[in-house]
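Note that chain A is present in both complexes that follow, paired respectively with chain B and with chain C.
Let's turn to the complex of A and B:
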């Protein structure tokens, strides 16, 4: 077990190094240090102030080791990232770790409840339609799922803001507040929309898993010893379906951190969703690489957690 | 005296496009307490469906159309669902063909047997576990106390089938249905499991409905034999009588295709043709297209059962036409 985790972590380090390298190569294919400086200083900046900015921010080094092995941008990139020295934004000089700390709260306040409610609802509905498999309840359920999946999230957002926010006035249309009581009212609508827009595909997935399990021999055995259908679904089918469920769930967790770009921008939530997109559009290499670095680490931790959770729910799985 | 279990005119059908195809067409048999009735026939003749029908566990979208299943004289097909649940596992138990997949892979075998007990009796988990340990010892599982906490994948096929037997017998049912209990096992393990079943039956007096396609197992275990073909029982007799003097042409064909019963050097018999699928079953006698003795009446209505002696009966037009019997 410990050996497994250590080995997977070592692989993970290699993967993160690779991701950082690919990011570096791709970024500097598209933009040069001059572009970064010009973005920060404005298009009309004088050449000497651009040189000055590059010198201040360390971008006056050559890019590649073969140009200057002692002092180059690639090695510098790796050493700052691996020492977790995230630095300041290239565009406005704001400290990046502080910005992530400030954005993580609002992002997670939206994504975590949406994820938890969505998961619970999807599993329950999945069990429900699987319980009524091959009846009109099942058919209607699957039809509604496909319908829900087919509607763009933009429509959910606009229709939700119009109906719930403007016509019914149940919740505010958009905004954010630090006070938890007020925040609840602000978050209700985006959470609801997030759950609604995702529940269709989730229910279909869980239904498939459950229906497949209900056909198995051990389910017949459970029935033959006198277990009722509800007990069969919960004690036997759900328990045996945990592996496919966990695969989907644990791998989704790292992405909670990145926030939901569309929901955050429509509902005015100051989260992390826009941070990455802004960094890309503004050539903000310093911010972009931190977001990529953090996400790739979370993703690898998520994968290791998935493997460990397999071993916890399925006695046949050994971590070696 | 009413039999432990008695099935009368059981009919089961499955939908096939717009029609329902009948796969069991009037199955009758009875098993007395302490008796082993073997239900024999080729794959697809409806043996397993008969077993599942007795438990009211016909998989959807199949359904029981007609018939009666009497357990000690009590009609099971009319019981409300919760009452039927109380019968399953308590008064009728079932052992399945595939011990590998018939146990839940993520729960210890002890817990699974404990569940079977606690579904029917108010008893604490620890008391149930103790009883399961005793049961495991009785069905010949070595180190029973430790095996309680084993997962199915940690046990061999033979041990898993012993667990299934323990699970089926934990409530001392009146009737045990064993659906090909040894088919998935090695030959040596088969013999052990059969021996175990015979021993337990002698001790408990449970009625056993043994479903198999293996006439060797019939010879080992059965008191009486019912031969099934294409959704109907075609011949029924005591084991001794059936092996000595099979009367129905299908039974005769089956016995003559058994290597152990054919003299060395003689060619092994085979029954011409294959079992037709349920949608193509002939209206009259269903064996007519493969029968060496088929004659005019066979195309007509299905033959009735002829009593051919004590406890021996068969449904065949050719037998009805024979004089003096």
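Let's turn to the complex of A and C:
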């Protein structure tokens, strides 16, 4: 087990180094420091302002070690990223680490309830349609799930804001306020949209898992011993379906921190998804570079955690 | 029985949810206050008055930072009035060609309360602003460590450039000097030679050559008094904010909450000079305005002469997307707003407000913006530019005659624009009045004749025997903006010219511009100040992109135009200057470095409870003149936003009705 964990971690480190290399090429070679400066300063910037900006932001270093071994952008890029010293935003000079800390709260405020409600609802509905398998409830459920999966989240957002916010006037159309007295009011609609937009694919997945389990011998045994259908579904089928559920859950957890790009943007929630969108729209290459790095780190962590969790919940799985 | 209780609890929860929900994004207790609700779309880069240089940032900095001069709220053409200064200074020519301006600061101008003032003495929360603070800010403008985008515009101040260079050199050569606080560095270098403080309320600015436009810069936040305490205290260290995120000024409002990614709240500045001196020109509602203002209710006796500001608080909320912003405006949660393209027909019908909007007492305001959008030719291009001589000129004239701006405005702007005739927008004082550019009236026959004279009959290039091939470089062309650019290509195709639309990224485009490897481009410019010089300089030799990196992307350099420009830029507005401007426009008419496309017309909406709304056009917030009737607003909001609850019960009912047969069938089969 320990050997497996170490091996996976080493593999993860190699991937991180590779990701950093790709990021360097993308952010310093493809988009040169001159481009970054021009983007930051805008159309009215003069050449001397561009040079000054580069010097102020440390982009005036040579790119490669063979140009200046001691002070080059490649070394600086690797050393700062690996030490989690993310530096300052290209746009306003604010520390990026602080931005990430500030953005994590609003992101989690949106993603955690959306994830929890979504998971609960999807499992419940999955059990429900599996319970009524091969009836019109099952068929209608599957049809609705496929329909829900086929619709873009953009449509959910726009329709949600229009119907729930504008026509029915249940919740604010958009906005965010960290004041606990009004926070729920702002989160209700984005959470609802997040749950509804994701529930289709989740329900289909869980339904398949549950239906597969209901055909197993232990289920027949439970029924023959006189267990009620509800008890069979919850006590036996659900418990034995935990591995695929866990896989999906563990893989999704790291991404709760990065928020939702579109939802945060449309609802004006100042989370990490919104931070990434802002970095793109404002040509904040430094922040974007960090966000891509953080995202890849979380993905790698999620992958490793999933592999390990397999072994922990199912003794039949051996890690070699 | 248990199921009955569960069902009852569910229905009860639905009822509570349905009744308890509402879409009000603000705390209920704010409803009766005079709070102006507005929005911003992206977090501000910087609110440092030396760096902030966009409309969105100025909407905040303009409230926090007062300036020595300001614009009259109502008068058009734009008129400067004294702000923190006692009067608008006049130029004093000196014998050696230099020019001097003397500013006198009003007494009793104080900064908004802030903990930073403890640096000047324990327990201090504010202090009086002096001309030292203005001089300090002028030195900051020269500081290379700050991203000052208007540094060039202040280089006419004697010694300004030298001070800038001295800072670079000393900081590079002397690390101990570089480690000192900026204020001490400035003092060690002796400041800017042309900025002299006669006493705490008198400032003398000496320019090495005449530059009448300098006064406009004293109406912008770039020259506001800045407290050294604020700059030094808000250094981003030990949990303190950065000065760029924590403005401290002498304006009518001060920052209360600054969460740049969510919410900005400004409260009245209790130390604002206008409270003690309400008769100051910038501290009370004006007694006179422009023609039509009285009829528009802008000279209402209820306001004229009353001390400013009228609002208690100004609150900005982040709204990144236009659709939610517009819908919240319609719900009454924003007091004013623009019109999104998607809803234009719903709001405006036949150039007037739709009956639906009018019934809501919404008002539509239209104002021509002091800006221009144009097509430009690279005048250094072999085919289109000066090297092609008379052929190139006639080709440019022909292409100019082919482009129908009016149709373009109708198709892509919902009619929100005026076909531009000159580089100077008609709202700028000094723009040629009633002038119609003969090369901006569509005339395809004349264009074809000019093409024949240029040696391209029917658009055929005799060198190749094929249609003349030109490239139109357009950057970041989206699916939405591509048809806007393609329109011009199609117009030129009518002459037989084959213009290829080349979409590039912003950076690729900039590289092409740097290398001079472009032929035609589309560009826009908004006024920094209301003077023709601020537009005509875009075509001056000194601003050529190819030689100076300046904003003259057409690389236009015409000796006659340049000579007139040099005369015009140092003159005050008057008949003589206007005559020179007409001559310059006549040169541009013939030379055609640009094809002027449109001057934007801003359409804005305001609710009935918002008083004293007059679009200004330029980036100067006039918020201190606005007033709100909060009682009316609260009443209207409530009536517009009553939650609709029946769908909750309908959906729940449909769900129950839908699954009951399933349950029955399922259990019957199981039994």
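Rule of thumb we're sticking to: the second predicted complex is superposed on the first by the 300 of 320 C-alpha atoms of A that agree within 3 Å, B and C clash if a C-alpha of one lies under 4 Å from a C-alpha of the other, contacts with A are read in each partner's own complex, and residues count from 1 in each chain.
In the analysis below, a contact is a pair of C-beta atoms (placed from the backbone, for glycine too) under 8 Å apart; a residue touches a chain by one contact, two chains touch by 3 or more.
A quick note: this is a predicted structure, and the numbers were derived from the prediction, not measured.
Model built by superposing both complexes on chain A: chain B and chain C fit together without a clash.
By the document's definition of touching, of the two partners only chain B reaches A:239; chain C does not. When the shared chain is aligned, chain B comes close enough to touch A:221, but chain C does not.
Contacts of A:3 after superposition: neither chain B nor chain C is touched. Look at A:274: by the touch rule set out above, it reaches chain C but stays clear of chain B. In the superposition on chain A, A:171 makes contact with chain C only, not with chain B. Note on chain A: of its two partners chain C and chain B, the one contacting more of its residues is C.
Applying the stated contact rule after C-alpha superposition, one finds that A:161 touches chain C and leaves chain B untouched. Taking every C-alpha of chain B against every C-alpha of chain C after the fit on chain A, the minimum distance is 6 Å. No residue of chain A lies in contact with both chain B in one complex and chain C in the other.
Looking at the complex, you find that chain A touches chain C at residues 31-32, 35, 38-47, 49, 52-53, 56, 91-95, 102-103, 106, 132, 135-137, 140, 158, 161-162, 165-179, 181-182, 185-186, 188, 229, 265-268, 270, 274-275, 277-278, 281-282.
Within the complex formed with chain A, the residues of chain B that make contact are 55, 57, 59-61, 82, 85-90, 93-94, 96, 98, 101-107, 115-116, 119-120, 151, 153, 164, 167. Chain C makes touch with chain A in their complex at residues 18, 21-25, 27, 42-46, 144-145, 147-149, 151-152, 236, 242, 244-245, 259-263, 317-321, 323-325, 327-328, 330-331, 333, 506-507, 510, 548-551, 641-644, 647, 658-659, 662, 665-666, 670. Those residues of chain A lying in contact with chain B across their complex are 133-134, 216-218, 220-228, 235-236, 239-240, 242, 313-316.
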